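Each chain carries a letter (A, B, C, D, E and F) given by its place in the written order, and its residues are counted from 1.
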(Lines give C-alpha, C1' and ligand atoms only; values in the text may rest on other atoms or scores of the structure.)
Protein backbone atom coordinates (compact mmCIF):
# COMPACT_ATOMS: atom_id res chain seq x y z
CA UNK A 1 0.00 0.00 0.00
CA UNK A 2 2.59 2.63 0.59
CA UNK A 3 3.31 4.64 -2.52
CA UNK A 4 6.53 6.62 -2.80
CA UNK A 5 6.80 9.24 -5.48
CA UNK A 6 10.34 10.55 -5.88
CA UNK A 7 10.92 13.73 -7.84
CA UNK A 8 14.50 14.28 -8.99
CA UNK A 9 16.06 16.51 -11.59
CA UNK A 10 16.80 14.86 -14.93
CA UNK A 11 20.46 14.12 -15.60
CA UNK A 12 21.52 14.11 -11.96
CA UNK A 13 21.20 10.37 -11.35
CA UNK A 14 22.20 7.48 -13.62
CA UNK A 15 19.78 4.64 -14.45
CA UNK A 16 21.80 2.47 -12.06
CA UNK A 17 21.39 4.98 -9.25
CA UNK A 18 17.66 5.16 -9.89
CA UNK A 19 17.36 1.37 -9.65
CA UNK A 20 19.33 1.58 -6.42
CA UNK A 21 16.84 4.20 -5.14
CA UNK A 22 13.90 1.93 -5.95
CA UNK A 23 15.50 -1.06 -4.23
CA UNK A 24 16.81 0.76 -1.15
CA UNK A 25 13.78 3.00 -0.54
CA UNK A 26 11.58 -0.10 -0.73
CA UNK A 27 13.81 -1.95 1.73
CA UNK A 28 13.67 1.06 4.06
CA UNK A 29 9.87 1.13 3.96
CA UNK A 30 9.74 -2.64 4.50
CA UNK A 31 12.01 -2.28 7.56
CA UNK A 32 9.25 -0.13 9.10
CA UNK A 33 6.05 -1.65 7.72
CA UNK A 34 7.05 -5.31 7.72
CA UNK A 35 7.89 -7.81 4.97
CA UNK A 36 4.23 -8.65 4.32
CA UNK A 37 3.63 -5.26 2.69
CA UNK A 38 6.61 -5.49 0.30
CA UNK A 39 4.54 -6.63 -2.68
CA UNK A 40 2.27 -3.60 -2.36
CA UNK A 41 5.07 -1.06 -1.88
CA UNK A 42 5.53 1.01 -5.01
CA UNK A 43 8.21 3.55 -5.86
CA UNK A 44 7.68 5.83 -8.87
CA UNK A 45 10.38 8.27 -9.99
CA UNK A 46 9.49 11.48 -11.85
CA UNK A 47 12.15 13.53 -13.55
CA UNK A 48 11.85 17.29 -13.66
CA UNK A 49 13.48 19.25 -16.48
CA UNK A 50 16.64 21.22 -15.78
CA UNK A 51 15.70 24.76 -14.60
CA UNK A 52 12.10 23.75 -13.83
CA UNK A 53 12.85 23.53 -10.07
CA UNK A 54 13.00 26.64 -7.97
CA UNK A 55 14.17 27.15 -4.40
CA UNK A 56 13.42 30.56 -2.91
CA UNK A 57 12.53 31.78 -6.40
CA UNK A 58 15.81 30.77 -8.06
CA UNK A 59 15.76 28.16 -10.83
CA UNK A 60 18.19 25.29 -10.43
CA UNK A 61 19.72 23.58 -13.45
CA UNK A 62 21.08 20.04 -13.60
CA UNK A 63 24.58 21.53 -13.42
CA UNK A 64 23.65 23.56 -10.33
CA UNK A 65 22.49 20.41 -8.55
CA UNK A 66 25.62 18.50 -9.58
CA UNK A 67 27.80 21.33 -8.29
CA UNK A 68 25.84 21.37 -5.02
CA UNK A 69 26.23 17.60 -4.68
CA UNK A 70 29.98 17.98 -5.30
CA UNK A 71 30.22 20.58 -2.54
CA UNK A 72 30.70 23.48 -4.94
CA UNK A 73 27.16 24.85 -4.64
CA UNK B 1 -13.96 19.70 -9.93
CA UNK B 2 -12.76 16.16 -9.90
CA UNK B 3 -9.18 15.88 -11.06
CA UNK B 4 -7.82 12.55 -12.25
CA UNK B 5 -4.09 12.12 -12.57
CA UNK B 6 -3.15 8.94 -14.38
CA UNK B 7 0.42 7.71 -14.21
CA UNK B 8 1.39 5.17 -16.84
CA UNK B 9 4.70 3.91 -18.15
CA UNK B 10 5.89 5.53 -21.37
CA UNK B 11 5.61 3.38 -24.47
CA UNK B 12 2.92 1.10 -23.10
CA UNK B 13 -0.09 2.95 -24.51
CA UNK B 14 -0.54 4.53 -27.94
CA UNK B 15 -1.76 8.13 -28.34
CA UNK B 16 -5.11 6.70 -29.43
CA UNK B 17 -5.36 4.62 -26.26
CA UNK B 18 -4.52 7.64 -24.14
CA UNK B 19 -7.30 9.66 -25.81
CA UNK B 20 -9.60 6.72 -25.11
CA UNK B 21 -8.53 6.82 -21.44
CA UNK B 22 -9.32 10.52 -21.19
CA UNK B 23 -12.73 10.07 -22.79
CA UNK B 24 -13.78 6.92 -20.95
CA UNK B 25 -12.45 7.88 -17.50
CA UNK B 26 -14.33 11.18 -17.81
CA UNK B 27 -17.52 9.39 -18.81
CA UNK B 28 -17.10 7.06 -15.84
CA UNK B 29 -16.72 9.98 -13.43
CA UNK B 30 -19.71 11.74 -15.00
CA UNK B 31 -21.81 8.56 -14.55
CA UNK B 32 -21.23 8.98 -10.79
CA UNK B 33 -21.09 12.75 -10.32
CA UNK B 34 -23.70 13.77 -12.90
CA UNK B 35 -23.50 15.52 -16.27
CA UNK B 36 -23.37 19.01 -14.74
CA UNK B 37 -19.80 18.45 -13.50
CA UNK B 38 -18.46 17.23 -16.87
CA UNK B 39 -16.97 20.61 -17.82
CA UNK B 40 -14.95 20.71 -14.61
CA UNK B 41 -13.72 17.12 -14.82
CA UNK B 42 -10.06 17.00 -15.79
CA UNK B 43 -7.87 14.03 -16.66
CA UNK B 44 -4.10 14.54 -16.83
CA UNK B 45 -1.78 11.72 -17.92
CA UNK B 46 1.83 11.56 -16.73
CA UNK B 47 4.30 9.20 -18.32
CA UNK B 48 7.00 7.60 -16.23
CA UNK B 49 10.26 6.50 -17.86
CA UNK B 50 10.92 2.82 -18.44
CA UNK B 51 12.58 1.32 -15.33
CA UNK B 52 11.57 4.26 -13.12
CA UNK B 53 8.68 2.28 -11.61
CA UNK B 54 9.32 -0.25 -8.87
CA UNK B 55 7.04 -2.84 -7.34
CA UNK B 56 8.37 -4.58 -4.25
CA UNK B 57 11.78 -3.10 -5.00
CA UNK B 58 12.06 -4.40 -8.57
CA UNK B 59 12.24 -1.94 -11.46
CA UNK B 60 9.80 -2.55 -14.28
CA UNK B 61 10.67 -1.65 -17.87
CA UNK B 62 8.24 -0.86 -20.66
CA UNK B 63 8.90 -4.35 -22.03
CA UNK B 64 8.15 -5.90 -18.63
CA UNK B 65 4.77 -4.19 -18.52
CA UNK B 66 3.97 -5.20 -22.10
CA UNK B 67 4.87 -8.81 -21.27
CA UNK B 68 2.70 -8.67 -18.17
CA UNK B 69 -0.20 -7.24 -20.19
CA UNK B 70 0.26 -10.03 -22.76
CA UNK B 71 0.06 -12.63 -19.98
CA UNK B 72 3.76 -13.47 -20.15
CA UNK B 73 4.72 -11.60 -16.99
CA UNK C 1 1.05 -0.42 -13.15
CA UNK C 2 -1.34 2.35 -13.92
CA UNK C 3 -1.91 4.58 -10.94
CA UNK C 4 -4.97 6.81 -10.78
CA UNK C 5 -5.05 9.60 -8.28
CA UNK C 6 -8.48 11.18 -7.94
CA UNK C 7 -8.82 14.51 -6.19
CA UNK C 8 -12.35 15.39 -5.09
CA UNK C 9 -13.73 17.89 -2.63
CA UNK C 10 -14.59 16.51 0.80
CA UNK C 11 -18.28 16.08 1.51
CA UNK C 12 -19.35 15.91 -2.12
CA UNK C 13 -19.30 12.14 -2.50
CA UNK C 14 -20.53 9.47 -0.07
CA UNK C 15 -18.33 6.51 0.92
CA UNK C 16 -20.51 4.35 -1.35
CA UNK C 17 -19.91 6.65 -4.30
CA UNK C 18 -16.17 6.59 -3.66
CA UNK C 19 -16.18 2.77 -3.66
CA UNK C 20 -18.11 2.95 -6.91
CA UNK C 21 -15.42 5.30 -8.33
CA UNK C 22 -12.67 2.88 -7.38
CA UNK C 23 -14.48 -0.08 -8.93
CA UNK C 24 -15.67 1.63 -12.11
CA UNK C 25 -12.49 3.59 -12.85
CA UNK C 26 -10.51 0.37 -12.47
CA UNK C 27 -12.88 -1.46 -14.82
CA UNK C 28 -12.51 1.38 -17.32
CA UNK C 29 -8.72 1.17 -17.22
CA UNK C 30 -8.87 -2.62 -17.53
CA UNK C 31 -11.13 -2.28 -20.61
CA UNK C 32 -8.22 -0.44 -22.28
CA UNK C 33 -5.14 -2.11 -20.80
CA UNK C 34 -6.43 -5.67 -20.58
CA UNK C 35 -7.42 -7.94 -17.69
CA UNK C 36 -3.82 -8.99 -16.97
CA UNK C 37 -2.98 -5.57 -15.56
CA UNK C 38 -5.96 -5.42 -13.18
CA UNK C 39 -3.97 -6.54 -10.12
CA UNK C 40 -1.49 -3.69 -10.63
CA UNK C 41 -4.10 -1.00 -11.24
CA UNK C 42 -4.39 1.29 -8.26
CA UNK C 43 -6.88 4.06 -7.55
CA UNK C 44 -6.17 6.47 -4.70
CA UNK C 45 -8.68 9.16 -3.71
CA UNK C 46 -7.55 12.41 -2.05
CA UNK C 47 -10.04 14.75 -0.46
CA UNK C 48 -9.48 18.48 -0.61
CA UNK C 49 -10.96 20.70 2.09
CA UNK C 50 -13.95 22.87 1.26
CA UNK C 51 -12.76 26.25 -0.12
CA UNK C 52 -9.25 24.92 -0.85
CA UNK C 53 -10.03 24.52 -4.55
CA UNK C 54 -9.94 27.52 -6.86
CA UNK C 55 -11.08 27.91 -10.45
CA UNK C 56 -10.10 31.15 -12.13
CA UNK C 57 -9.11 32.51 -8.73
CA UNK C 58 -12.44 31.85 -7.00
CA UNK C 59 -12.58 29.41 -4.10
CA UNK C 60 -15.22 26.71 -4.32
CA UNK C 61 -16.87 25.31 -1.21
CA UNK C 62 -18.48 21.89 -0.84
CA UNK C 63 -21.86 23.63 -1.11
CA UNK C 64 -20.79 25.38 -4.32
CA UNK C 65 -19.88 22.06 -5.90
CA UNK C 66 -23.13 20.45 -4.76
CA UNK C 67 -25.10 23.36 -6.22
CA UNK C 68 -23.15 23.07 -9.49
CA UNK C 69 -23.83 19.32 -9.60
CA UNK C 70 -27.52 20.01 -9.00
CA UNK C 71 -27.59 22.44 -11.91
CA UNK C 72 -27.87 25.50 -9.68
CA UNK C 73 -24.26 26.62 -10.07
CA UNK D 1 7.78 24.65 3.63
CA UNK D 2 5.20 25.48 1.03
CA UNK D 3 5.61 23.36 -2.07
CA UNK D 4 4.06 24.46 -5.34
CA UNK D 5 3.73 21.95 -8.11
CA UNK D 6 2.76 23.54 -11.41
CA UNK D 7 1.53 21.34 -14.23
CA UNK D 8 1.59 22.95 -17.67
CA UNK D 9 1.43 21.57 -21.18
CA UNK D 10 4.77 21.15 -22.92
CA UNK D 11 5.52 23.69 -25.61
CA UNK D 12 3.14 26.35 -24.31
CA UNK D 13 5.64 28.30 -22.22
CA UNK D 14 9.23 29.26 -23.05
CA UNK D 15 12.09 28.56 -20.62
CA UNK D 16 12.10 32.28 -19.83
CA UNK D 17 8.40 32.22 -18.97
CA UNK D 18 8.92 29.20 -16.73
CA UNK D 19 11.71 31.00 -14.85
CA UNK D 20 9.34 33.95 -14.51
CA UNK D 21 6.70 31.58 -13.08
CA UNK D 22 9.15 30.24 -10.50
CA UNK D 23 10.22 33.73 -9.44
CA UNK D 24 6.78 35.36 -9.39
CA UNK D 25 4.88 32.47 -7.79
CA UNK D 26 7.52 32.38 -5.05
CA UNK D 27 7.21 36.13 -4.51
CA UNK D 28 3.44 35.76 -4.30
CA UNK D 29 3.72 33.03 -1.66
CA UNK D 30 6.26 35.10 0.27
CA UNK D 31 3.87 38.10 0.23
CA UNK D 32 1.43 35.92 2.20
CA UNK D 33 3.70 33.74 4.34
CA UNK D 34 6.44 36.27 5.09
CA UNK D 35 10.04 36.62 3.96
CA UNK D 36 11.37 34.15 6.55
CA UNK D 37 9.84 31.22 4.69
CA UNK D 38 11.32 32.15 1.28
CA UNK D 39 14.25 29.72 1.57
CA UNK D 40 11.87 26.82 2.13
CA UNK D 41 9.45 27.74 -0.64
CA UNK D 42 9.81 25.39 -3.59
CA UNK D 43 8.24 25.55 -7.02
CA UNK D 44 8.45 22.49 -9.27
CA UNK D 45 7.12 22.56 -12.84
CA UNK D 46 5.91 19.38 -14.56
CA UNK D 47 5.26 19.31 -18.27
CA UNK D 48 2.45 17.18 -19.64
CA UNK D 49 2.64 15.88 -23.22
CA UNK D 50 0.45 17.44 -25.88
CA UNK D 51 -2.93 15.65 -25.98
CA UNK D 52 -2.41 14.06 -22.55
CA UNK D 53 -4.69 16.64 -20.88
CA UNK D 54 -8.44 16.30 -21.05
CA UNK D 55 -11.19 18.72 -20.07
CA UNK D 56 -14.69 17.29 -20.08
CA UNK D 57 -13.35 14.25 -21.91
CA UNK D 58 -11.73 16.15 -24.80
CA UNK D 59 -7.95 15.98 -25.26
CA UNK D 60 -6.18 19.28 -25.62
CA UNK D 61 -3.04 19.63 -27.75
CA UNK D 62 -0.33 22.24 -27.35
CA UNK D 63 -1.82 24.03 -30.37
CA UNK D 64 -5.28 23.99 -28.78
CA UNK D 65 -3.93 25.68 -25.66
CA UNK D 66 -2.02 28.26 -27.71
CA UNK D 67 -5.17 29.03 -29.69
CA UNK D 68 -7.15 29.35 -26.47
CA UNK D 69 -4.51 31.70 -25.02
CA UNK D 70 -4.65 33.76 -28.22
CA UNK D 71 -8.40 34.11 -27.89
CA UNK D 72 -9.13 31.73 -30.77
CA UNK D 73 -10.14 28.76 -28.66
CA UNK E 1 -4.90 24.50 -18.30
CA UNK E 2 -2.27 25.25 -15.75
CA UNK E 3 -2.81 23.36 -12.53
CA UNK E 4 -1.18 24.54 -9.31
CA UNK E 5 -1.03 22.18 -6.41
CA UNK E 6 0.06 23.89 -3.21
CA UNK E 7 1.13 21.78 -0.26
CA UNK E 8 1.19 23.58 3.08
CA UNK E 9 1.26 22.42 6.66
CA UNK E 10 -2.10 22.36 8.42
CA UNK E 11 -2.67 25.11 10.94
CA UNK E 12 -0.09 27.50 9.49
CA UNK E 13 -2.45 29.49 7.29
CA UNK E 14 -5.96 30.74 8.04
CA UNK E 15 -8.87 30.12 5.66
CA UNK E 16 -8.61 33.78 4.65
CA UNK E 17 -4.92 33.39 3.80
CA UNK E 18 -5.68 30.31 1.74
CA UNK E 19 -8.32 32.18 -0.25
CA UNK E 20 -5.74 34.93 -0.75
CA UNK E 21 -3.29 32.28 -2.05
CA UNK E 22 -5.83 30.98 -4.53
CA UNK E 23 -6.64 34.47 -5.80
CA UNK E 24 -3.09 35.82 -5.94
CA UNK E 25 -1.41 32.72 -7.36
CA UNK E 26 -4.06 32.66 -10.11
CA UNK E 27 -3.48 36.34 -10.86
CA UNK E 28 0.26 35.67 -11.03
CA UNK E 29 -0.22 32.82 -13.50
CA UNK E 30 -2.61 34.95 -15.56
CA UNK E 31 -0.01 37.76 -15.70
CA UNK E 32 2.25 35.28 -17.53
CA UNK E 33 -0.18 33.15 -19.53
CA UNK E 34 -2.73 35.83 -20.45
CA UNK E 35 -6.29 36.53 -19.35
CA UNK E 36 -7.80 34.01 -21.79
CA UNK E 37 -6.50 31.08 -19.74
CA UNK E 38 -7.90 32.33 -16.43
CA UNK E 39 -10.99 30.12 -16.54
CA UNK E 40 -8.84 27.01 -16.94
CA UNK E 41 -6.35 27.93 -14.23
CA UNK E 42 -6.87 25.78 -11.14
CA UNK E 43 -5.28 26.04 -7.72
CA UNK E 44 -5.70 23.13 -5.29
CA UNK E 45 -4.37 23.32 -1.73
CA UNK E 46 -3.39 20.16 0.17
CA UNK E 47 -2.73 20.28 3.88
CA UNK E 48 -0.08 18.03 5.39
CA UNK E 49 -0.36 16.96 9.03
CA UNK E 50 1.93 18.52 11.60
CA UNK E 51 5.18 16.49 11.82
CA UNK E 52 4.54 14.75 8.48
CA UNK E 53 6.98 17.05 6.66
CA UNK E 54 10.70 16.44 6.87
CA UNK E 55 13.62 18.58 5.77
CA UNK E 56 17.00 16.89 5.88
CA UNK E 57 15.44 14.07 7.89
CA UNK E 58 13.97 16.26 10.64
CA UNK E 59 10.21 16.40 11.10
CA UNK E 60 8.67 19.85 11.25
CA UNK E 61 5.60 20.55 13.32
CA UNK E 62 3.07 23.33 12.78
CA UNK E 63 4.70 25.17 15.69
CA UNK E 64 8.15 24.78 14.12
CA UNK E 65 6.91 26.39 10.91
CA UNK E 66 5.21 29.21 12.79
CA UNK E 67 8.41 29.87 14.73
CA UNK E 68 10.41 29.86 11.51
CA UNK E 69 7.94 32.30 9.92
CA UNK E 70 8.25 34.53 12.99
CA UNK E 71 12.02 34.56 12.64
CA UNK E 72 12.56 32.32 15.66
CA UNK E 73 13.35 29.17 13.70
CA UNK F 1 16.47 18.75 -4.40
CA UNK F 2 14.98 15.31 -4.23
CA UNK F 3 11.40 15.35 -3.06
CA UNK F 4 9.80 12.23 -1.68
CA UNK F 5 6.07 12.09 -1.34
CA UNK F 6 4.88 9.10 0.65
CA UNK F 7 1.22 8.12 0.53
CA UNK F 8 0.07 5.81 3.32
CA UNK F 9 -3.30 4.89 4.69
CA UNK F 10 -4.38 6.78 7.82
CA UNK F 11 -4.24 4.81 11.03
CA UNK F 12 -1.73 2.24 9.81
CA UNK F 13 1.40 3.96 11.11
CA UNK F 14 1.97 5.71 14.44
CA UNK F 15 3.45 9.23 14.61
CA UNK F 16 6.70 7.62 15.79
CA UNK F 17 6.79 5.33 12.76
CA UNK F 18 6.15 8.28 10.46
CA UNK F 19 9.08 10.19 12.00
CA UNK F 20 11.16 7.06 11.49
CA UNK F 21 10.09 7.01 7.82
CA UNK F 22 11.15 10.63 7.37
CA UNK F 23 14.52 10.02 8.98
CA UNK F 24 15.34 6.69 7.34
CA UNK F 25 14.08 7.53 3.86
CA UNK F 26 16.18 10.70 3.97
CA UNK F 27 19.24 8.74 5.08
CA UNK F 28 18.64 6.28 2.25
CA UNK F 29 18.48 9.07 -0.32
CA UNK F 30 21.60 10.68 1.15
CA UNK F 31 23.46 7.34 0.88
CA UNK F 32 22.91 7.57 -2.89
CA UNK F 33 23.04 11.31 -3.59
CA UNK F 34 25.72 12.32 -1.09
CA UNK F 35 25.66 14.25 2.18
CA UNK F 36 25.78 17.65 0.45
CA UNK F 37 22.19 17.27 -0.76
CA UNK F 38 20.76 16.38 2.67
CA UNK F 39 19.52 19.91 3.42
CA UNK F 40 17.50 19.95 0.21
CA UNK F 41 16.01 16.48 0.63
CA UNK F 42 12.37 16.70 1.58
CA UNK F 43 9.97 13.96 2.63
CA UNK F 44 6.25 14.74 2.75
CA UNK F 45 3.72 12.18 4.00
CA UNK F 46 0.10 12.20 2.82
CA UNK F 47 -2.53 10.14 4.55
CA UNK F 48 -5.35 8.62 2.55
CA UNK F 49 -8.68 7.88 4.25
CA UNK F 50 -9.62 4.29 5.04
CA UNK F 51 -11.39 2.72 2.03
CA UNK F 52 -10.17 5.45 -0.35
CA UNK F 53 -7.44 3.18 -1.76
CA UNK F 54 -8.26 0.53 -4.33
CA UNK F 55 -6.18 -2.31 -5.71
CA UNK F 56 -7.65 -4.11 -8.69
CA UNK F 57 -10.93 -2.33 -8.03
CA UNK F 58 -11.31 -3.43 -4.39
CA UNK F 59 -11.29 -0.79 -1.65
CA UNK F 60 -8.89 -1.39 1.21
CA UNK F 61 -9.69 -0.22 4.72
CA UNK F 62 -7.20 0.55 7.48
CA UNK F 63 -8.11 -2.80 9.05
CA UNK F 64 -7.48 -4.60 5.76
CA UNK F 65 -3.99 -3.15 5.56
CA UNK F 66 -3.25 -4.00 9.20
CA UNK F 67 -4.42 -7.59 8.59
CA UNK F 68 -2.24 -7.78 5.47
CA UNK F 69 0.75 -6.45 7.41
CA UNK F 70 0.10 -9.04 10.12
CA UNK F 71 0.11 -11.80 7.55
CA UNK F 72 -3.65 -12.33 7.72
CA UNK F 73 -4.52 -10.58 4.48
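As a convention for this text, a contact is a pair of C-beta atoms (placed from the backbone, for glycine too) under 8 Å apart; a residue touches a chain by one contact, two chains touch by 3 or more.
What you are looking at is a predicted structure, and each value in this text was computed from that prediction instead of being measured.
Chain by chain, through touching neighbours only, how many steps does the shortest route from chain A to chain D take?
The fewest steps needed to get from chain A to chain D is 1.
Show me the overlap between the contact partners of chain C and those of chain F.
A chain counts here if it touches both chain C and chain F, which gives A, E.
Could you give the fewest steps needed to travel from chain E to chain F through chains in contact?
Between chain E and chain F, the shortest chain-hopping route counts 1.
Repeat of A-D among D-F, B-C or C-F, where over half of the residue-numbered contact pairs coincide, is which pair?
Answer for A-D: the repeating interface is C-F.
Check the residue numbers that chain A and chain F use where they touch, and answer same if over half are used by both copies, otherwise different.
The interface is built from the same residue numbers on each side, given that over half of them are used by both copies.
Please report how many Å separate the Cα centroid of chain C from that of chain D, as a whole number.
That gives a centre separation of 22 Å.
Would you mind pulling out the distance in Å between where the CA atoms of chain A average out and where those of chain B do?
22
Could you pull out the residues of chain A that touch at least 2 other chains?
3, 7, 40, 42, 44, 46, 53, 55
What are all the chain pairs that meet the touch criterion?
A-B, A-C, A-D, A-F, B-C, B-D, B-E, C-E, C-F, D-E, D-F, E-F
Under the touch definition given earlier, write down the residues of chain E that touch chain C in their complex.
By the definition above, chain E touches chain C via 15, 18-19, 22-23, 26-27, 30, 38-47.
Write out the stretch or stretches of chain C touching chain B in their complex.
1-9, 12-13, 17, 20-21, 24-25, 28-29, 31-34, 36-37, 40, 53, 55, 60, 65, 68-71, 73
Using the touch definition from the top, list the residues of chain D that touch chain F in their complex.
Touching chain F: residues 3, 42, 44 of chain D.
Going by the contact rule set out above, which residues of chain E touch chain F in the complex?
7, 46, 48-49, 51-59
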